[in-house]
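Just below is one structure, and these are the notes that go with it.
Naming follows writing order (A, B, C, D and E), and every chain is counted from residue 1.
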Amino acid sequence: MEPIITWLANLLANVSWWPWPAPPSAAIIIWVVYGLFIAFGIAPLAMIVLTWLERKIIARIQDRIGPNMAGPFGWLQAVADAIKMLTKEDTTPAGADRIPFNLGPGLIAVSAVLVFAVIPLAPGIIGSDLNIGIFYVVAVGSFGVLGTLMAGWSSNNKYALLGAFRAVAQLVSYEIPMAISLITVAVVAGSMSTLTIIHNQAVANGGWYIVAMPITFLVFFLAGMAETNRSPFDLLEADSEIVAGFHVEYSGMKYAMVMIGEYVHMLALAGLSATIFLGGWRGPFVEQLYNAVPILGGLLGLVYFLAKVLLFIFVMMWFRGTLPRFRIDQLLDFGWKFLTPLSLFNLLTSAFVVKLFQPAGTAGVALPAGPLAGFGGLGLTSALLISNLLVAFIASLAVRSLARRSRGNVLKAVAGVEG
Amino acid sequence: MQNEFIFVGILTICAILLPVGGMGMSWMLRPHKPNKLKQTTYECGLETVGETWAQFKVSYYIYALIFVVFDVEAVFLFPWAVAYNKLPLYALAEVLIFVLILLFALVYAWRKGALEWI
Amino acid sequence: MEQLFALTPLIPVFPLLAFALIVLWANKNNKLSAGLAIGGIGLSTLTSWAVIAATVAAGHEVQIAGWSLPVPWLPTAASIFNTGFAVDGFTAAMLFMVPLVCTLIFIYAAEYMEGDPRYARFFAYVSLFAAGMLTLIVADNLLLLFIAWEIMGLCSYLLIGFWFEKDSAKKAGLKAFLTTRIGDVLLFAGMLFLYSRTGTLTFREIFKPEVLDELSRMLIWGLPASTVISLLVFGGAVGKSAQFPLHVWLPDAMEGPTPVSALIHAATMVSAGVYLVARMLPLFAIVPQGTLSWVAIIGSVTAFFGATISIAQNDIKRVLAYSTISQLGYMMIALGLGGFLAGVFHLLTHAFFKALLFLGSGSIIHAVHHGAEHADDHHTDPQDMMNMGGLYAKMKRTSWAYFAGTAALVGIFPFAGFWSKDEILAEAWVQWHEAGSIGLPFWAWLAGTLGAFLTALYMGRQIGLVFFGKPRSKAAEHAVEPGNRMTVPLLVLALFAAFIGFINVPFIANGWLHHFAGLVHEPAEVLHLEAVPFQISVALVSTAVALLGFFLGWGMYRNLKAGQQDPLARMLGPVFTVLKNKYYVDEFYKFVFIDTTVALANFSAKFDYDWVINPIVNFVGNTGRLLGELSGRIDTVVVDGMGVLGTARLFKWMGRELRLTQTGQAQNYLLVIALVSLSLIAMYLFGI
Amino acid sequence: MQNIPLTWWLSVATALFSLGLYGALSRKNAIAILMGLELMLNAVNINLVAFNRYITPQNVTGQVFAVFVIAIAAAEAAVALAIIIAAYRQRGTVNVDDLDSMKF
Amino acid sequence: MTEQIVFFIFTIMVLGGGLGVVSTKNLYYAALFLSLSFSGMAGYFIMLNAGFLAAVQIIVYVGAIAILILFAIMLSRKVMTTNEPQTNKQNWLALIVTPLLYLTLIFLVVKVNWPVSSAAPALDVLTQMGAQFLGGYLIPFEVMSVLLLVALVGAIILARDVEKGRE
């Protein structure tokens, strides 16, 4: 890699039209290459591969075969779809607001792609280790909300508008539990940087966070699924109710952009879950190999990472294949009345546990060590696990009693009607 | 400028290029034959009745409202989370108060029926 | 033993926890609520004993300097409000009294309040109250003390108005709240001054000699800062401790349930004011003839004045209420004369015997009430002493306990009150003789001695009316002794009333309390803290007047028949009417403050109505028009002057036009704001 | 960083503030007025952060304040919009010219 | 040079967005312009060593307030016609006052000699911020939660009671 970059830098330095006085540094070149790779490599690939994968998996779940004609296992089907999208005529409805109508899908795609800036693909391969890493993820997600609203509003279609408003209500409802579970992670990791989070998931530091914080993971993952509008949270495009939701009027490449947005978002969610809860590229021998032969270690890390990502992707598709769609009131209730309080309580208990295990003050701050600091990372992991399970248990009790009460009300109402 | 954000800028430009390039390419490749019928609003083949801007529920607004409040809460909690390990025990107590007050807000909204989809 | 001090912050926590649990969880279950409350305060008592033991064991140094636990509390951007807990000898002495009396009263209340529809709520309130009082004692700074102070004010309001169906109770609660509020505002102002001048509210830091010195040299409104601050603080104490002229709320507070009267309005809360003055005494003492003499004067007036009113009351609890006011006056006398320990000692003993008397009166009321119900008589006021008589035969236990309390209050050797009251009088006596002339100490001594006589008189009257003679109503005939939960606390308190005085008897252990609690202000170096030697002449005089008064009262009233005229009323004539009406202070206040305020408010309301509703310009225009019309009319008569009428028209026109500037549109106002700020910046920039 | 002088930031902030003020002063629609107010608040934020960066770069007080401002702006927007909606429902208008019950 | 170009781009976003907000007749566009302006401001914050604040800006303004405004526009849009002028009677006065204010303030900005420090910016912004929230600015921090609570309660009452009255 190194010589090529130097060569590129020299080449650029000698180009007479270069407007800047100094030639771009090697870092800039790497960044540009990496950025182009994400935007034009990962994003379209994600759509092509994932649509094919989804069709195959769903087909298997539904006892079908799925696409099998074009190419081996039908994988050319996806390519054919992509070509069709590119060449299909693109109609804009007469009453649409043209500019926002065209901007909306773009914004959705951009917001999904931007997440990859902080996801490390392999040891040493990360766009940018922002110190606000996971907070950044929440932030760029906001553009997606705006894009959705723009797309739905500008279409001048009732279904689209209704779909957009449903979508926004859903997105904002699930953003809170997601953000709070990310805060929980930040409390445990003591940082929002994704690299630090991965570092803290070394076995010596306590291992993967999915072990320590299953509830946090669950909240995050469910909220993330809702954010990506995946089934069973896909009622903003509920085909049978509002046709296709906010993107009903889109066709051709703009539709492709919406789809890219959705699938890239899905990939990003899987990637984030893998990074935050499954240790990212962590796996046996990665670090040793990386220290010896960086390229091989990086490749192995990439393989592990991809495996974890695919696992999550599979889980999402599995959900889609098996679960029926929520009703909108159930969806919002689930978000606000269950996930939000659960994540808040989980945050508080986790923070408490973390304080118990806090090591003595570092870097000039005189802090007494927590009473259980001696147990180290593994102790923290097990204590967090216990507290998570406890929260889950209490939550299940609360849900049970609430359910019983509401069932009682229903029975009473029924009795009242009959009597 | 913070160096680590340069890549975010580069990626943003690349990401914007994606829809721009995609749409531009498709604009060059695809046919352009608009007609009145194609441009009508799609409602599964039925004629559109009335305005697009149908009666709209306040509930949507209320959800957005509650979201705003909790969003701001989350904003305050992120720096706390990062600084948490470097602060004494009172960090927990103070945030406990903060969160409990907002939990009270949630309970209020719940009790008031603002979280009911009716 | 030192480690036991760490328990201090827990002392107020238990009742607070009980309060929270009752409110949030146990409020449906009466037994559980009472159990929680008693358990909470019981735990506090035990904890307090541990802390007291630690203090006793820690020795003299700690008893003076104290143990403290500072807690940085509220950081603001610029500084940090500190709070914290502290225990010294004085605190330890208070810690012995407060939780113990509270516990006994809680147990008593568990029976007394039975059948009340808001039983659980009662225990929640009293638990909160106890938490407040205990916080106040262990606080090491004015801020925390003030918070506790306000909690108690709130509880007092809630408890006085506990039977809010009764209009009088509702009003009494309000009155107490508002009256004490005056004092609270003064105290708060004092705190603000103190904080702004010294930057701290922690006692220990305020009482450093250099800080005190600085305070005495700084000026507020042309007076030494220490004088202003201590007067303001004293204002707070006057409100809380029901000193003249803010005493009016305390007798009305007897509308609350009797355990509340015992708890709040006799034993603990009202003594908070005295506690505050005692705690802040060095601040008062910096300027010798300044504030302290005011304390003594107010104390003397209150002591005498309360006692005189008391002899003309018929309500059993009101007698005790005025007696409380009077006794608090004694404490203020002691503190005002610089006799720190004498005041504190009387505070302790008084808490025990006054709680005893109140609980005893509650027991009597309970009994008479029972009797009234038994006799199916719903008109007899069970609190009116004129309806009692001959109860000794019916309730022996209560009677004996009550006699012990009376003896303590009156100051019969060797009951507690004898020692403590004597010490106060001795303090005044010694200072009088040292001064050699008739000054404040003499008048204080005189007021105290006369007060002692009157105290004995009204107690004798009460004993005679309640326990002796023949029952003067059906209710009294059928009175029954209440159950053990009520009488046992009485007996325990009676023991204390009898013997608590010995902790500070000069002949025994050399005045133990003096060395334990009396020297806490030594580091401030402004007070003379030597114990006053026992004055046999004072003791003889006061015992003599006490016996005289007591037997006079007892003798006059023990055979009073139903419907017979009050003998004292016969003797004193119109004076008695004045006393019976409490010197018309309430009426005076109503006339001076309330009526004036209402009138002022009415006036302002009218003023406001004409002023705000119609904008300023309109008002000006109207006035101008009126004036114009008036002069126009005169002018028409005199010189038929059209010019003047023209002026009136001009004003009218201006008024009409200018009032259009009030468009009611925020944007217009915003524009004006922008314009004004623009011109202000411009003026600043161009130096106009 | 020093390529951009502090006055640039302040100038932009001032311009934004004036734009917001103009919006707040001249628009009829209550929501548009609110948007103008939000612009003004943001202009203030630019100032706070720029001062923080240029004058006291070592601490983050300016940013802390900016976060508070943002939070207050959010609360303000929530309540203001609720008021606007309520007014619309009651009177069928969001035109502030018509909402003048405060008039003398 | 690069920085100045970046600054210029963001300025176009911020001021262009702001201009759009106050000049467009269509409220929907105004809200979108507002989001544009907010995004540009986030860029400013990144340039000013306030990455966290930039993210907050996006989350709160673009992700929440802009959405809220769009919802409100939606709820009250029946009366919104883009044909009639969106400005009120005092438009001309505002057109005089605001430029004047702008000029005065610019004068002020240029005239004052700002005590610019050349120290390196803080690195641990987040940690410092968290510590300040819980330390020096604890009371504003806690009050903020009360403010949010009050805002929520007030907004719910306002927005809902009317709804009930309608139904």
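The criterion applied here is as follows: a contact is a pair of C-beta atoms (placed from the backbone, for glycine too) under 8 Å apart; a residue touches a chain by one contact, two chains touch by 3 or more.
Note that the coordinates shown come from a computational prediction; the quantities given were computed from them, not determined experimentally.
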Exercise for review: Could you run down the chains that neighbour chain B and chain D together?
Suggested key: E
Review point. What is the set of chains touching both chain C and chain D?
Key: E
Review point. Counting only C-alpha atoms to place each centre, which chain is farthest from chain C?
Key: A
Point to revise | Contact-richer chain pair (by C-beta pairs counted) among D-E and C-E | key: D-E
Study note, to complete from the structure: Separation of the C-alpha centres, chain B versus chain E, in whole Å, is 17
Review point. In whole angstrom, what separates the CA-based centres of chain B and chain C?
Key: 58
Practice item. Take the average of all CA coordinates in chain A, do the same for chain E, and state the distance between these two points in whole angstrom. Key: 28
Exercise for review: Mark out which residues of chain A touch at least two other chains, giving numbers and ranges.
Suggested key: 130-132, 135-136, 138, 165, 168, 172, 175, 192
Study note, to complete from the structure: Check: chain B positions touching at least 2 other chains come out as 1, 4-5, 8, 53, 56, 58, 60-61, 64-69, 71-72, 74-76, 78, 81-82, 84, 86-87, 91, 95, 99, 109
Review point. Which positions in chain D touch two or more other chains at once?
Key: 1, 21, 25, 67, 70-71, 74-75, 77-78, 81-82, 85, 96-97
Check your understanding: Among all the chains shown, which pairs meet the touch rule set out at the top?
Key -> A-B, A-E, B-D, B-E, C-D, C-E, D-E
**Study point:** Parts of chain D lying in touch with chain C, wherever the complex brings them together
**Key:** 21, 24-25, 33, 96-97, 99-104
Exercise for review: Over in the complex, which chain B residues touch chain D? Could you list them?
Suggested key: 1, 58, 61, 65, 68-69, 71-72, 75-76
Check your understanding: What residues on chain E touch chain A, complex-wise?
Key -> 1-2, 28-29, 32, 35, 51-52, 54-56, 58-59, 62-64, 66-67, 70-71, 74, 125-126
Point to revise | Parts of chain B lying in touch with chain A, wherever the complex brings them together | key: 4-8, 10-23, 25-27, 29-34, 36, 38-44, 48, 52-54, 56, 59-60, 63-64, 66-67, 70-71, 74, 77-78, 81-82, 84-89, 91-92, 95-96, 99, 103, 106, 109-110, 115-118
Study note, to complete from the structure: Within the complex, chain D is touched by chain E residues 1, 3-4, 7, 11, 14-15, 18-19, 21-22, 27, 30-31, 34, 37-38, 41, 44-45, 47-50, 52-53, 56-57, 60-61, 64-65, 68-69, 71-73, 75-76, 78-80, 85-91, 93-95, 97-99, 101-102, 105-106, 109-110, 114-122, 125, 128-129, 132-133, 137, 140, 144, 147-148, 150-152, 154-156, 158-159, 161-163, 165-166
